[in-house]
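Next come two complexes, and both contain subunit A; in the first it sits with subunit B, in the second with subunit C.
== the complex of A and B ==
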């Protein structure tokens, strides 16, 4: 049965993938950050500790988060469509490309050091999102 | 000529007599009795392994025991060891904790090793075989790589100029600086390989980049060198990594850009924490750091405006506006970090905003 996007179930499925792909995520190295993914009006809190995603939940308050990746649901769908079709985001749909020039996807933050966690752990965060390639996800 | 110790050990009758007594079974085992502070260090998170922070929990071995000015140990003895009389001074010149310290250095050191990568095998080089860059674009990439190699080599040089002058009590910072040297060497290696892969070449070095890097490397004190290298130069390198990844059209360049960003970000993280600790402990130094950055930012403007950087960026970005956007973002994020480091609103005194306005006009 397909997992709907956006949904808490979808992000929990990505969380489980970091446990299933333990070798790949250990190879990327330690990743200690708690960040947000804002899909339209919905905000998901995603916590990484050591090598894996340890917590995923819905939240209202972005203040404790290091940073929030924020975009309309249509852009997230487009990004995950690229992930599914290319077995990982193509060059135009990496989170760096989407956030770098033109602010297609916005990075919200209050603390510049929290913001820099995005850059320090970008490879792991991209790998986390790329795990959608293994899910039966409903992007309609 | 090597250092000449005050005693000729090969002719020292006292030493020879001691050796003979020990060989005859007269062991006094004084070194075995001198264990004033036994500890039981264990990994607090076994999956993370035994970290520097784990073994620093005991106040007799952790950094909390370091005084602001180290006067008790100029030898090679590790912090927490028993110091016998007569240890030689190794001539350390950087002996103030606030000159070097950042609490995050231990985490960044562990992170550097954990997030290691090997350019020879981890970069998917074969992805470059299918790339359809025009000759101009290919040369522009080689040109960007050439600048990154120069920057990375200097980023290895700067810590090397200071690490041997630092007191051994600051060993966590020295470990971290060695990790920086290795990280910088790997970046130089990776971008040299990128430039020369297939039908590659190096590009033309830049006089303006050279002037900028000379300003960084010639910083008179370690805090000024750290502000120049970690806070300023590597804010730019991190942004350049983001732009490199943004411009990539293949898995190899995406990988290289992402790793450049992550490795540069550790330099930045240390720089923010170090300078914040430094000016927090010694507020009188705040203006000294700001005056130094006024000068070194001028060097960055030179590199921003150099044809060896600006033109390949325009060729690869498809015009000037994405480059201006990249410069604005890089400078804006740098100013945010300066504020977080306790340097105040540098945008009000820095020459960088005027340069950005010139670009917009």
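== the complex of A and C ==
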């Protein structure tokens, strides 16, 4: 049965993938950051510790988060569609590309140190989102 | 050789006698009572392993390290016993904690060691042949890679230049900048490989970049060099890596930039935390840093008139037609504004907001901006 997007279940499934793909995530190195994914009005808190995603939940307050990736639900759908179709985000849909010009996807942050975590752990965060390629996800 | 021993050991009868004595089993064993501190250390996380943070205790730790440590000036590791009168004084230039220290530096070191990658195998080089990149775009990309190769070679030299000048009591910082040196060596490697693997090869070395890099290398103090390189120059390069990932002609290049970006962000974070440490602990150094950043900003601006700037426009516009160039100028203009904004944010975070008022970027960016700020160009 497919997993609906957006949903907490979807992000929990991505979390599980970091445990299933432990070798790949260990190869990328330690990743200690807690960030947010804002899909439309919904905010998900995603915590990474050492090599894996340790917690995923819904939250209201972005203040304690290092940064928040924020975009309308349509853009997230388009991004994950690209991940599913190309076995990983294509050139136009990497998180760096989407956040770089034109604020298609916004990086919200209060503290530049938190913002720098986005870059310091970029490969791990991209790999985390790319794990959607292994999920049966309903993007309709 | 320039440093000769004070003793010719094979001619020294005391030494020879003692050596013979030891071989007979007459050991001194005084070293077994070094009188150093004994502590219990454990990995706070078995999965993470035993880190420098776990060793941060008592005389072995860094929290208790004073601004003037008054410790050894040789190779005695922090926490070891040493002979004050008999040490080999290595003459370190950087003996104050605030000369080199940064908040979180031990974490940055651990992160650096854990997140190493390999330019030979972690970039899918074989895939480059799958993509058909327009010739002029590939040439512009090779120019960009040439610039990055130049920058990364000097970024390797800079930490290496200062590492041995630091007192060995600051080993966490020395370890971190040693990790930076290998990061930068890998960056020089990956950009060289990319320029050649694309078939174009290396393009023009840029005098503007080289003068700027020389200014970094010739900084009078480590903190000046760090403010110039870690905070300003690498901050700019980090934004350029983001831009480069964005305009990358192939997924192979995207991968390359995602990997270099991570290292660069760590170097920038160290620079921010070192500046913050200086301002919190030795605010009297502000004027010196202002003077260094005045010239650092001046050199940074020189990049705006170079083959690099043109190559970025061609890459952003994906070609050299008038329409493509127009589009490229818009995107590169946005990048430059963002470079300055992010630099100002870091200054604020480090507690150096007053620098923003003095920054040359405020007026000069408006003067060279090719987008919405054209009206500000002086006639």
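The criterion applied here is as follows: the second predicted complex is superposed on the first by the 140 of 140 C-alpha atoms of A that agree within 3 Å, B and C clash if a C-alpha of one lies under 4 Å from a C-alpha of the other, contacts with A are read in each partner's own complex, and residues count from 1 in each chain.
We take it that a contact is a pair of C-beta atoms (placed from the backbone, for glycine too) under 8 Å apart; a residue touches a chain by one contact, two chains touch by 3 or more.
Not measured: the values here are computed from a predicted model.
Under the clash rule set out above, the superposition-derived model of subunit A with subunit B and subunit C contains a clash between the two partners. In the superposed model, A:10 makes contact with neither subunit B nor subunit C.
After overlaying the two complexes on the shared chain, residue contacts for A:80 are found with neither subunit B nor subunit C. Of the two partner chains placed by superposition, subunit B and subunit C are both touched by A:29. When both complexes are overlaid on chain A, the residue A:100 reaches subunit B and subunit C alike. In the superposition on chain A, A:111 makes contact with both subunit B and subunit C. Counting contacts by the rule stated earlier, residues 28-30, 32, 50-51, 91, 94, 96-97, 100-101, 111-113, 115-116, 119-123, 126 of subunit A appear in both its interface with subunit B and its interface with subunit C.
Residue ranges of subunit A in contact with subunit B, taken from their complex: 28-30, 32, 50-51, 91, 94, 96-97, 100-102, 111-113, 115-116, 119-123, 126.
Put simply, subunit A touches subunit C in their complex at residues 28-30, 32, 50-51, 90-91, 94, 96-97, 100-101, 111-113, 115-116, 119-123, 126. Interface residues of subunit C facing subunit A in the complex, by the touch rule stated above, are 45, 47-48, 110-111, 114-116, 238, 242-243, 245-246, 248, 250-251, 254, 257-259, 261-262, 264-266, 268-269, 272, 331, 334, 342, 345-346, 348-349. Residue ranges on subunit B touching subunit A, taken from their complex, read 45, 47-48, 107, 110-111, 114-116, 238, 242-243, 245-246, 248-250, 254, 257-259, 261-262, 264-266, 268-269, 272-273, 322, 325-326, 329, 333, 336-337, 339-340.
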